[in-house]
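What follows is a pair of complexes built around subunit A, which joins subunit B in one and subunit C in the other.
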Partner chain A sequence: MNAMIYKKKWPLILFLTPTFLFLTVYLYYPFLMNVWNSFNRIGGMGEASRGLNNPPYENYVKMFKDPLMSTAIKNTLILMALTVVIQVGLALILALLVDQIKFGSQFFRTVYFFPIVISATALGLLFNLIFLYDGGMLNQLLTNIGLITENIDWKDPSHFFGTLMMPVIWQYVGFYFVIIVTGLNNISTDIYEAAEIDGASGLGRIRYITLPLLHNTLCTCLILAITGALKVFDLPWTMFPGGMPLDGSWLTGTYMYYQTMEMADVDYGSAIAVMIVVLGVVISQLANYIFKEKDY
Partner chain B sequence: MKKFLSLTLALACCASVFAGCGGASSSAPAASSAASSGSAPAEIRVVTSYGGDDGNRVNFENAVKAYEEATGNTVVDESATSNEQWKAQVKADFQTGSEPDVLFFFTGVDANEFIKNNKVVSIEEIRKEYPEYASNMKDGMLPASPADLKQYAVPVNGYWEGMFVNKTVLKDCGLEPPTAETTWEEFMAMCKTIKEKGYTPIACSLAEVPHYWFEFCILNQGDPSQHVEVPASATDAAGQRWAAGLNQIKEMYEAGCFPTNTLTATDADTFQLMADNKAAFAIDGSWKVGWFAGSDDAAGAVENLDDYTVTYVPGMGERKSTDIVAGLSMGYYITRSAWEDPARRDAAVAFVEAMTTDEVVNTFAGGTPTALKSGMTKPENPNSMQLAAIDMVNGATGSAPAVQDSLNATARKQLFASIKDIVTGSVKAEDAIQTALDTPLADEDK
Partner chain C sequence: MNKIKRKKLSLGQFFIYLVLSLWALTTIYPFVWVVLNSFKPKGLIRKEAFSLPIGDKFTLENYVTAFRRVDIGAAYVNSLVISGVVTAVVIVLAGLAAYAMVRYQFRGRTFLYSMIIASSMFPIFSTIIPVFRMENAWGIVNTGNIWLTRLSVILPQIAGNLSFAIIVLMGFIRSLPIDLEEAAYLEGYSVFRIFFKIIMPLARPSFATVGIFTFLWSYNDLFTQMFFLRSKKFFTITRLLNEISSQAGTNYGLMVAAVVMVVIPVLVVYVFLQKNIIKGLTAGAVKG
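Up next, the complex of A and B:
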């Protein structure tokens, strides 16, 4: 009976058509329009084009000369690297630790996953209070234990990067944690038991069994982390609006929003959006190539 | 059975995708029939800046409630706090065809785009159908749009910008609040004393709201009659005055007049220094009185209002300290979409008339300028800050509207964003002005 379903293609087409139409209307058409918009001159959201730029690729030339765009790309690439190393790394360590315990593992899964369910804007406001210069939690704590005598401006040029990266990275550790825990659950216990009989130590089991068998899961995390870093917007925008301090904290996502919504330079914002997509595709393909998925 | 199930599910998916389209088309006749009935109560969408922590929020809500009870109409109030983001949102609403029926908005160049696109109705056109519309206002004081010099908006309360003073901090520093005679040099000497005593002289976020100091530092370079001039380039007379004004902000920054974190703090963070008795001065507008004094249903941000006052921003050169920034910069617009729907037209006109009666305007104005024929009246039971404000406005020797309202929005954002670079020395004031004037799309409203 199952074979009959696949012989007749029309049920498949019927199932696929709605999603295809939805994606065409709400994703591919807007994306193509966005590419077209990047060559036009548009002075506000919803405004019609005032004609092609002169030359049409003007925004792409401007992008390479724009020092703030360079800052945005540099910061995004650093965020990407930190995301891959710290976010996925931390998630891996936590997942391995939780996998080792029998009592309370469900509790830790919930605790580590919890930041994901809080809106990024709410987290941004929360961290704003923690890092507040005058009366903020961190400054009060450091003052009370005698580590500082004067408040520290955690958003000034010498501190802002850590202040920006910490909550952004912390927020999604739980997301990768859950993916890796699921990957760990898929590894058969027979293999561990056999390794134990052969005298493999705890670290040895992780090195020679867990990590190789988690390879594909980690590859997925890697791709998600890379593309996710390019799209980060809400939390940095809440904590560091307008690229503060001194235009140092721009990310590709926040700079695109600023150009589009605040400066009403919709065509330049569109060009930045195209750049984000290109960066995402190129870097994730590169990562795919380097960390090829393996068949076991 | 499975075939039937597959087919049913697929059709259900398709139907759900197109459900939105069907819903939209079926609602149009319903709206039309409601409009044609005429007598049925109408629902109107209203956007104003009387949201958030605006001092007149409660007054506005009370006036809306009274209007709804009197007319049976319903008001969908989408008011918010006025800032650059709100202005951009209003502009986007017009561009996407989702403008409100009544809008309380700025009357300067910010409104040019929707006026040029015929999205709002002029008072002249409204008076052809409703001759009594805005008849309680002095026609000469109804603001004319810079786009075509026609009058569109009916103003409620005007505004003034002045310097709020923390008397507790000044007392601890052995100083008296500045007066009409205080000069700029004396003011800077006061700031130095305050700084040495360990306080922040001026509560201001140069990162977020440098607007007020921008106005007064430019006013300091000329007189009120010159203040309205927008430079064509950084090298003309107005451009030179702007450059000198911006350099004055830089001098204040270098002298440590602003909070340590002025380049990373929000306006709310720095204003809190006033409430916490950590800062001595802050410039803001008449709308900020509500923040200090509170309202019927909300306490003010400060413990004792009498520990604060408002006075003139000390002046220099040709500008007297008593020359202030004030005017009527906002008013009620009726949009074209509401005007062309008979039911919503009546409701919108009635709404604006209800919001601009002498009684309501006097409730809102609280001692600020109005366009009422009956003139400005003192608020009932004024608090000490309102009395100080009335004294300030009455004692003014000259006034000019905020020049930033005459500057194209894109150029203004560009210029304000570069103030942080000017004060830290990475950009020259002249270059920042020229860059702002040359900003792509900034030529739209010239």
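Up next, the complex of A and C:
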């Protein structure tokens, strides 16, 4: 019967052509083209290539010598580590806590998730007002409760790092929270009942039952956090335009945009984009290898 | 004995609620704070950040400035048009493709499937430059024509959302019983009528999920918009906000009002559709 409805194959062309045209023209072709561009000399966004670089891999050599690129990669790797530990860690703690309560878990879910739907640009502006030097919300708060007598410049070289990382980490805690809560709900209550009979206490229960059973969920979170850290752009770009202070706050994404659009070094921008892909693939494969998914 | 145990338990519960509420405070309070401050005279924000906008501290001045100095209305329209078109096209194209991928058996199906999966993993950074150059060669970038400019953002955003949408929709369509399609076929329905009259209505919840996700993603996506929207009159609300942040200087009143005006529409939608949104965004995890 099924075979009869779907035996005539010609409608497939109408069903699939538009989608695969989009994917090919807007994703696959540009992706390959971008790799090719990174070996070429391109004077501007609207200009044709002026032939291969000499040597063709010039941009990659440049990248290894570029101190700003090292800053960008270093910052991105630190952000990645912090997202994995703090973001996923906080999400895990909050999820385990929410699992213990009877009322209000839906409320917390809704509230924790909210920052994710807000544009990071709006959040960047909001945090700019919070971290403002002269009369920012945080400085006023700290002055009011008497912790500081002089305003702190949250964006100066000694403070900017926390100011850069904190909002990015804060925004996505709710995302991992929801994923982990879903994972927790999938653990059958029978196992907990059995554990209770065997005398497993609260913390022991978490250590020996919940965490092992969450292994795959946490693996998913880990990979998402790694790839997510490489995609960060809007928040740092709004809060720390131009790599301020003193080129200290570059991330791979913002540095790629800066080189491409503001320095008009299009081929170098392409090479940085290739680097972002390579970093993403290598690190997530590595993480996958170390924390292999397991079947229980 | 029993009594002691219960007391201990409730103390633990109290502690749990306390920790959970503290985090909730960090996600709610900044938004409450910005809304309250948007109704205060702009000078007060940096002097009395925590006072309430009551009596002579209440003013609409910031919103008046926002509408007068920057064209927020036009930016809303641009955002709605761009994200609306992206959402509509993604829903139809992804629906058709997902339906075909689930119901048809054909050679090359596995290959096309892996093509869809793989394309959801390209970071936008790695495609944007060639996309820009390609559209530039077609003559739709920086033309001064509003529809061409919108199109130049719409096309890459559609491509960026298709694969995720197809993956989510395939999961749902696969779970639909085939009996209805068979009955419709006996009634003489064509496959296209089956798709629009049977599959789409039945799969409405997942189409809603995909639609909301796509809309929000497109509305919030600053990166693509930074590349293609260079002229002020074509700015979307997100792009405009970025501009305000770099040019408002010390007009903090304008900033808070602008933030509120970007956040409020999303907040309203979120309150009504939060179940769909949370599902959509976590299902779209591959995209982030």
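Keep this in mind: the second predicted complex is superposed on the first by the 273 of 296 C-alpha atoms of A that agree within 3 Å, B and C clash if a C-alpha of one lies under 4 Å from a C-alpha of the other, contacts with A are read in each partner's own complex, and residues count from 1 in each chain.
The definition used in the following text is that a contact is a pair of C-beta atoms (placed from the backbone, for glycine too) under 8 Å apart; a residue touches a chain by one contact, two chains touch by 3 or more.
Everything quoted here is computed from the prediction, not taken from an experiment.
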Exercise for review: Scan A:Pro55 for contacts with subunit B and subunit C and give back first, second, both or neither.
Suggested key: neither
Practice item. Would you mind checking which one, subunit B or subunit C, touches more residues on subunit A? Key: C
Review point. Does subunit B (first) or subunit C (second) touch A:Val178, or do both, or does neither?
Key: second
Practice item. Check whether A:Pro245 is in contact with subunit B, with subunit C, with both or with neither, and answer first, second, both or neither. Key: first
Practice item. With the two complexes superposed on chain A, say which partner A:Leu14 touches: subunit B (first), subunit C (second), both, or neither. Key: both
Point to revise | Partner chain in contact with A:Phe22 - subunit B first, subunit C second, else both or neither | key: both
Check your understanding: Touch check for A:Gly43: first (subunit B), second (subunit C), both, or neither?
Key -> first
Review point. Of the partners subunit B and subunit C, which touch A:Gly162 in the superposed model: first, second, both, neither?
Key: neither
Practice item. Identify the partner contact of A:Pro212: answer first if only subunit B is touched, second if only subunit C is, both if each is, neither if none is. Key: neither
Practice item. Considering only touches as defined above, state whether A:Tyr133 meets subunit B (first), subunit C (second), both or neither. Key: first
Exercise for review: Residue by residue on subunit A, keep only those touching subunit B in one complex and subunit C in the other, then list them.
Suggested key: 1, 5, 11, 14-15, 18-19, 22, 45-46, 132, 134-135, 241, 261
**Study point:** In the complex, subunit B residues that touch subunit A
**Key:** 2-3, 6-7, 9-11, 13-14, 16-17, 84-85, 88, 91-92, 95-97, 113, 207-208, 260-261, 263-265, 269, 272-273, 276, 278, 409-410, 413-414, 417, 420-421, 424, 426, 439-441, 444
Review point. Contact residues on subunit A for subunit C in the complex?
Key: 1-2, 4-6, 9, 11-12, 14-16, 18-20, 22-23, 25-31, 33-34, 37, 45-46, 90, 93-94, 97-98, 100-101, 104, 107-122, 124-126, 128-130, 132, 134-137, 140-141, 144, 170, 173-175, 178-179, 182, 220, 224, 227-228, 230-231, 233-234, 237-238, 241, 252-253, 256-257, 260-261, 266, 269-270, 272-274, 276-277, 280
Study note, to complete from the structure: Residue positions on subunit C within touch of subunit A in the complex are 12-13, 16-17, 19-20, 23-24, 26-28, 30-31, 33-34, 37, 45-50, 93-94, 96-97, 99-101, 103-106, 112, 115-116, 119, 121-134, 136, 155-156, 158-160, 162-163, 166, 178, 181-182, 185, 191-192, 194, 216, 219-220, 222-223, 226-227, 238, 241-242, 244-246, 252, 255-256, 258-259, 262-263, 266-267, 270, 274, 277-278, 281-282, 285, 288
**Study point:** Footprint of subunit B on subunit A - complex, ascending
**Key:** 1, 5, 11, 14-15, 17-19, 21-22, 41, 43-47, 132-135, 151, 153, 155-156, 160, 241-242, 244-247, 261-265, 268
